[in-house]
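Same chain, two partners: subunit A is paired with subunit B first, then with subunit C.
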Partner chain A sequence: MAYSEKVVDHYNNPRNVGSFPKDTPGVGTGLVGAPECGDVMKLQIKVDLQTGVIEDAKFKTFGCGSAIASSSLATEWLKGKTVDEAAKIKNTDIVNELKLPPVKIHCSVLAEDAIKAALADCKEKWLKAGAAAASTT
Partner chain B sequence: MAVKFPIFMDAQSTTPCDPRVVEAMLPYFTERFGHPASRNHPFGWEAEGAVDAARAKIARLIGARDPKEVVFTSGGTEAINLALKGVAEMYREKGHHIVTTAIEQRAGLDTCKRLERQGCEVTSVPVQPNGLVDVDDVKKAITDKTILISVMFANNEIGTIQDIAAIGKLAKEKGIIFHTDATQAVGKIPVNAETMGIDLLSCTAHLIYGPKGVGALYVRRKGPRVRLAPMIDGGGHERGMRSGTLPVPLIVGFGRAAEICEEVMPAESARLGKLRDHLQDSILGSVDEAYLNGDPERRLPHNLNISFAYVEGESVLMGLNKETALSSGSACTSATLEPSYVIAALGASSELAHSSIRFSLHRFNTEEEVEFVAGRTIQVVKRLREMSPLYELAKEGVDLKSIRWKAE
Partner chain C sequence: MDHFEVFGLPRRLAVDTAELQRKFYELSRRYHPDFHQAAPPEEQVRALEASAGLNAAYRTLRDPIARIEYLVRLEEGRDTKEGATVKPKAPPELLEEMFEIQEALAEAKAGGLDEAGRAALVVQRDRLMARLGDEETRLVGPLSQGWDASQPAERQRVLAAMKEALAIRAYLRTVIDDLNDALGESQEGYVTYRRH
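Let's turn to the complex of A and B:
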């Protein structure tokens, strides 16, 4: 199977590889997939809590080239979006952009799951921090 | 010597034709085009003579007593199908039970599945963590209805060489027909149907530097005389076991390939074994948590299979595929989207099955190529680990098994 040029580009020059400390305020972490399935993605966002804008995003992925490309692309797209806009990213957008063949669609699904999980984690931490702040005042 | 790219190190999927093989084949496409079954003119006699000479060379390579025991097929898959289905049908009155292993190639596994649907009973013997079948397990699996034992000679992924002589001896004692899929072993290591007690043996030309499209099934004629129901009916060629006009040029190539293998085997296996060991030492010496799959000793000299923990096999191949052709047990590289059942049968975690890479060397690989592949592999694995969340977690001391993964 030949890879699309965009998949090869993301594989060779992955954008935003790395990690944020999980406990930093505004950081949301999504860890999805399973080692025995051959794909695990960790996607992190750093949100400006005043504006709701995603300032930065990082990923690490265990998986095939298409999984690496899907998560790399996701971080690229997330930067500068508000959390509400980020929630609208669909796996089909990733499929179209990377021209993923049918057998690789699950990679894009996993990337969408990772985005959702990171957003949910961010929200949960924000709510908890708010509750903690409320109880101390 | 400068390395020419891409480097082929996937010789257990296929091998290039040896130029001497092509040279031997060429006249049989044009001036010597006769049908070997044409008994009444020189064109036929010439073709028949060429086929007989090739048959004798293959018989010698696999230790057959009589060249007539070699039945030509279209390849290894057909040979395996003919062996299993042919015995199941021919000996139906005697029994319906087959003993085989969990790590046979797909032709063996899928043929057994079909036979099961048709009323046969199949016992699949497990393998030990090193890939070896315990002969005692084979013995225990035998019932009074067992008509066939089918155990591969050497595995296509991990190269593990089974104790074929011991299984042959067991089969003789029990009066059961013994088939071995020797597609990966023939021409590479000593194979002897006579001394190893093999009754049926499958092999193929394209793995021994011969052409694609031709293989053979050895069918023992004496002690015991094995009979097979044919799968293809027609002119009664190949002692009635495989009808169809023989592909004379391919058979001539197969014969020449066998002849060369017999001649060079000791030197070639020593050379490839040394290169393989160097590749193995270079990689295992530079990459932590890289695990050798299969038995380190009882292994084909040209095979190396390593699982690189925390990186997925297809992504490793992708980093190498511009310069080097290898293969992986990763689900992403298989048609079935399942990770390697061979690595899984060793009891390794599925994650390690997804992470397995097979290097298989051939006659024309050089030391410089091995040097290059070792270096690039190490580089690619290290780069992928830098972007692996699993490697990061493991380095933080997190037990990956303690995480509740959200699988799709």
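Let's turn to the complex of A and C:
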């Protein structure tokens, strides 16, 4: 299959590969998988608890080139966004940016699921009423 | 016409494969293009299509797991593996475990595999192969029988259980493939799942 230039670029030079310790204040972790193909993807965000801005994002994906490119792109987009803005990222944005063919759309869905899971985990752990206050003490 | 209908079968997972084969040969002869050479062109086209449909149906139904995957798709009204409306949820612990194995494998490969490292990967691979076997036994055994015995009201629950088992199988196979790749060997009788 012919990958687009952008997919190849992200695949050869993935951005933001790595991980944060799960319990670091402000860190939200999303671990998702694609049952169609067995790919697994971990995406983490680190949120500034004062401002609600995502100051850093990292990922590790074991899967095909499109899954790696989708999550790499997602981490680039996440940095600098507020938690609310990040929630608006759609898999179709990723499909358009990377020019993914129809058979690879599920890779972009996986990345969107990972973003949602990371945001939910972050909210659950740090952004609930009281949790933010508690973490600053 | 769906694959079950091609063979005049009900939508059940218990299939007599010897009988399926006999019927396949019989229908193959009936639709074979050679026997329709003198027929009008539209009839020749029909025979060719029937022949292709028959081959696809046979390939799918003779394999008990492919049969289950097909049944699930059929029940959901989908043509392909992609685009499931309801995503099967694999247990979160399984995802964690698969991720950790992949991470350890990537580190082992980066550091160069020595004898002890290889031995550890072989142990892990064999352990996962055993679990894959268990999962497949569960699919073609109790889960298939459960489907055939289910009342309409129970169907969704049985389908969900089959989808979860198929998802677990997919994750296990991917990791086993990656372990075999790293070891530079393949298992006899094991068909690779490589999909990239």
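Rule of thumb we're sticking to: the second predicted complex is superposed on the first by the 123 of 137 C-alpha atoms of A that agree within 3 Å, B and C clash if a C-alpha of one lies under 4 Å from a C-alpha of the other, contacts with A are read in each partner's own complex, and residues count from 1 in each chain.
Note that contacts are C-beta pairs under 8 Å (C-beta built on N, C-alpha and C of every residue); 3 or more make two chains touch, one makes a residue touch a chain.
Just so it is clear, the structure is predicted and the values come from calculations on it, not from any experiment.
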Overlay on subunit A: subunit C relative to subunit B, clash or fit: clash
Contacts of A:G33 with subunit B and subunit C, given as first, second, both or neither: both
Touching partner for A:F62 - first (subunit B), second (subunit C), both, neither: both
Greater subunit A contact set [subunit C / subunit B]: B
Contacts of A:K42 with subunit B and subunit C, given as first, second, both or neither: both
First, second, both or neither for A:L110, with subunit B first and subunit C second: first
Contacts of A:I94 with subunit B and subunit C, given as first, second, both or neither: neither
Selected from 117-125, 171-179 or 369-377: the stretch of subunit B that, after superposition, runs into subunit C: 117-125
On subunit A, the residue positions that both subunit B and subunit C contact, one per complex: 31-33, 35-40, 42, 60, 62-65, 103, 106
Subunit A residues touching subunit C - in the complex, by the definition given at the top: 31-33, 35-40, 42, 60, 62-65, 102-103, 105-106
In the complex, subunit C residues that touch subunit A: 81-84, 87-88, 90, 92, 95-96, 98-99, 102-103, 106, 163, 166-167, 170-175, 178, 193, 195-196
Complex interface listing, subunit A residues touching subunit B: 3, 11, 14, 17, 19, 31-42, 59-65, 67-68, 103, 106, 109-110, 113, 117
For the subunit B and subunit A complex, residues of the former touching the latter: 310-312, 314-315, 318-319, 330-332, 337, 339, 349-351, 354, 386-392, 400, 403, 405-408
